[in-house]
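To start, I am sharing the structure in question, which I have written as structure tokens.
Chain nomenclature is as follows: A, B, C and D, assigned in order of appearance, with residue numbering initiated at 1 for each chain independently.
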Amino acid sequence: MIGLAFDILSWVSLLIGAIFLLVGAIGVLRFPDFYSRLHAVSVSDTMGTALILVGLMIQGGLSMVTVKLLLMFYFMIFTGPTAVHALAEAAIEGNVKPFARKTGQ
Amino acid sequence: MQGPLGLYNYWIVIVLMMTGFYIVIARPNLIKKIVGLFVFQTSVFIFFITMAKVEDGTAPIIQEGVNLYSNPLPHVLILTAIVVSLATTALGLALVVRIRESYGTINEDDIHVQDEAS
Amino acid sequence: MLTENLVALQVVVPLIFAPVCLLLGKSRHAWACALTVSWLALGIATLLVTRVATIGTQSYAIGAWAAPIGIEYRVDMAGALIIFIIAAIGAMVMSYARRSIEHEIAAENSGYFYACYLLCLTGLLGIAATGDAFNMFVFLEISSLSSYVLISLGTTRRALTAAFQYLVMGTIGATFILIGVGMLYMMTGTLNMMDLAQRLPGVDDTRTIRVAFAFVTIGVSIKLALFPLHLWLPNAYTFAPSVVSAFVAATATKVGIYVLLRFFFTVFGIHFSFVAMHVGEILMVLAVVAMLVASLVAIFQDNIKRMLAYSSVAQIGYMILGISLATSAGVTAGMIHLFNHALIKCALFLCMGNIFLRLGSVELHDLRGLAQQMPWTMAVFVIGGLSLIGVPLTSGFISKWYLVSAVLDAGLWPLAVLILLASLFALIYIGRVVEAAYFSKPDPTAKKVREAPASMLIPAWLLIGANLYIGVDASLLAGIARQGADILIGAGVP
Amino acid sequence: MEHLINIVLLGLLMLAGFAIVRTKSLLAVAMLTSIYSLLSASLFVVLDAVDVALTEAAIGAGISTILMLAAIALTSDEEKAPRHTPLLPLFVVIATGAALIYGTLDMPRFGDPAAPAHRHVAPTYLQDTPTAIGIPNVVTSVLASYRSYDTLGEVTVIFTAGTGVLALLGFRPRRRNTEDTGRKKLVILRVVAKLFFPLILLFALYVLFHGDYGPGGGFQAGVIFATGFILYALAFGLSNSQQLIPHQLLYVMAAAGVLIYGLVGIASMLLGGKFLEYQVLANDPVTGQHVGILLIETGVAITVAAVVLIIYYGFVSRRPAPGDI
């Protein structure tokens, strides 16, 4: 019974994580400019991977695997946003202009 | 999978190899050539690793209670080959940088024109 | 300890001293180190040849893991001959190198140059010594990567493009070899050449093995610059530093031919290669075309290094022609010519180094009247050139003699005519240089030059001396080559 | 299920490959190449080659991409269309591909446990490794002991590449504080880099010493080690990272790794064994194997780390070509 509950929890977590990643990917394709694409990928990516890792941790139970996944979680939480931040900084430095609809149209 | 369909993996890998090979010989851009070599070599690695796979086997790290492992030898060969590929890529790109500095271009056709003129 | 580990030391000594050379840096110490190691390698090679000649094929299990499990070094008479010529050329070129390198390569790069030279030597020796197909690939890459670097250090920017072209073609060749070796492994489960030879007959009517054969052959042919896959060679030899041209021209393609011999005769076996796959006929056509076309192209070159490069493509044709006969006499002729051509081409390219040092050019029209100013250098060129043509009393005559008699033995007399025709072309292109150097009036505005220093003349003359010695008494070389050829041809049957 | 993942990954690889052919922007090509490499690393995991996957991810997707980006920054980003229609190349490629497909027809099917490759030499490695070498990771035992001579060759290859890049691009140490202006905005990156730098080095050591038991070994460790320094250089600038490792030390390290490896071989000769016969290094053969493998893996890691850094510095300290990017 508990096992089933954990299974359901883990699958829900995995699925929602996957949906986040999918939405992020669609965002990268559909959004109009660099910064909004970055936004799409960064937010959904961090959340998506985090959820998938949580789902896997529930599957793994109390074992060495979970410890390793926990470490990965820790790394992802730090590197993802930092990388995106660095990208945005680089874009500003490289004079990438945000998309803006011209007024009066 | 039985019959010729059991070879599908190899066929796709051959398509991949030929993609890389095509880039090398058809593209005049020197960096693209190096990329092509990289893709070609990486696909050959996939070919070797595919051949090492044993159905229902696991990674060749000896564990209690497991007695079917994939073949470790191609893995070793490919570890070596990956290093060779890195070495080639690094040297090739270094040459490209120097060629750009002395010719002002990394397009093979333009380089030929300059060499003919001199 | 020394004698039983001789085979391993042959390759390991230069390998270990390459990093030492890098650490010694820009100074003359790096040269001294490379020189010592080259002569040491020659010493070891001499011991090895005598050992192989007295007690037969040397097999050495590296790491004490017996053959199919571990990597085996296996040196028979053919391998020993190749090892000896590589080591000898290496020692000569290094003795010659210091002045030429100071002249042609920036001082800050000379340490890297000597390190790369030793690595190249390691790779070439390793290929000749190994009995393992994949190990051969690894050492092929060591020698190739280091020769790309060596060539790129040439004085003009075209050296860079030449090296790049060589890198791309060489890597394609190496990858083809890798694919071929992979297929061989797939069908037999082994990488050791002797073991492959034993296990292949069971599976050699499969399409996989045929394709593996084709890929290995094409890959090696790129490395040895078999016509029409020679496109990298003329530029690489022309624009490389003189020392590198001399070293690479005399060794790299020769090792390629040795690899081809190994695969044809030892691994696949003479029956599969020449009867089932008809490789003999294909190679014979390509060899004859290479001989004639490349010799013809050489006649129209004004840059003498480029002329010699095309001549190399033609001479590779001679060697392949001998091998394509697949007879004992043919393979013997191929190996004799391989040895002689290494001596000849090395001497000729060293000559070009001397001229470049004094004159700063190797263009034909700058050479007019040079014989008066550089008599010793030009004398080397003349004897080397005569040897290339195949005049009696030079080693070139011996090669041609063996080759022509092997061709006649096989009943292919039209080929003998074509060989003589190609020699005639050689006479023309060598004649053009001799005419310019000896019988043309020097340009009055041209600067006066001195003879090259003794340190650069002596190695060239030593090579010429060996060349003339072989021209007079070839029994030793011919005996060794025949022994090697017999082992190769008989190797298919274990 | 495995077949499904396999097919999906192969399909993605094909997509990436075709995209590389079509794409004109070289920066995009570099990223696609990285994706290609990462996809093949994933495929290697599915095909049980975990060691290879780790290496491919570190080398192919990591270092090679960095080098390509650096080279593009020094040259130019756009690719001109070829002058000739690529008919001949197309013909060569189709002929080669057809030959290869012809060759596959007699191959044992994918995953066949009865294939000759799995029957002849490989079983010996799997059976003997626990007793003769005494470590569970068979890939490491073959790499570092049975076929350790190949690995010596591999270290030599990478050393050659390092020497070559030095000869071609030189290696000019930067003076302090020439490029630090305008980098004030990178505070976040710097904090995180500072946090991660020691962890990366620690992880490199873990991969090195855990290589006997799990995926990993000297080569991967060396690359990860170098990655730590590359991260530092990206965040704090080249000159600051070169303060960490003086370039003379890099030379010494690059040479020292090869020397350690070679000298282990020479030592086993002097102790009466063959070249690289580790058994003679200790009283007990299995201990000897352990000692030998540890020593040579360390040598590999040192050379690889040094050479990767030499290559990276070689590219990055080169002045960019004027007028581009």
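We adopt the following convention: contacts are C-beta pairs under 8 Å (C-beta built on N, C-alpha and C of every residue); 3 or more make two chains touch, one makes a residue touch a chain.
No experiment lies behind these values; they were computed from the predicted model shown.
Path length between subunit A and subunit D in the chain contact graph, taken as the least number of steps between touching chains: 1. If you average the CA atoms of subunit C and of subunit D, the two centres end up 31 Å from each other.
Distance between subunit B and subunit C, defined via averaged C-alpha coordinates, is recorded as 28 Å. Put simply, the C-alpha centre of subunit B and that of subunit D have 13 angstrom between them. Chain contacts: subunit C has residues 134, 138, 141, 145, 148-149, 152, 179, 185-186, 191 touching two or more partner chains. Across the assembly, subunit D contributes 100, 104-105, 107, 115, 117-118, 121-122, 125, 147, 150, 153-154, 157, 160-161, 164, 168 as residues in contact with two or more other chains. In subunit A, no residue touches at least two other chains. Chains touching one another form the pairs A-D, B-C, B-D, C-D. Every residue of subunit A that touches subunit D in the complex is listed here, in rising order: 75, 78-79, 82, 85-86, 89, 93. Looking at the complex, you find that subunit B touches subunit D at residues 1-4, 6-23, 25-29, 31-32, 34-35, 38-39, 42-43, 45-46, 49-63, 68-80, 82-91, 93-98, 100-101, 106-107, 109-110. Note for the complex: subunit B touches subunit C at residues 17, 21, 24-25, 30, 33, 37, 40-41, 44, 47-48, 51, 73-74, 77, 80-81, 84, 87-88, 91-92, 95-96, 98-99, 102-103, 111, 115. Of all the residues in subunit D, the ones that touch subunit B in their complex are 3, 6-7, 10-11, 13-14, 17-18, 20-21, 26, 29-30, 33, 36-37, 40, 43-44, 47-52, 55-56, 59-60, 63-64, 67-68, 70-72, 74-76, 79-80, 82-83, 86, 89-90, 92-94, 96-97, 100-101, 104-105, 107, 109-113, 115, 117-118, 121-122, 125-126, 129-130, 136-139, 142-143, 147, 150-151, 153-154, 157-158, 160-161, 164-165, 168-169, 213-215, 219, 304, 311, 314-315, 318, 321. Residues 99-100, 102-108, 115-122, 124-125, 145-150, 152-154, 156-157, 159-161, 163-164, 166-168, 170, 251-252, 254-256, 258-259, 262-263, 265-266, 269-270, 272-279 of subunit D are the ones touching subunit C in the complex.
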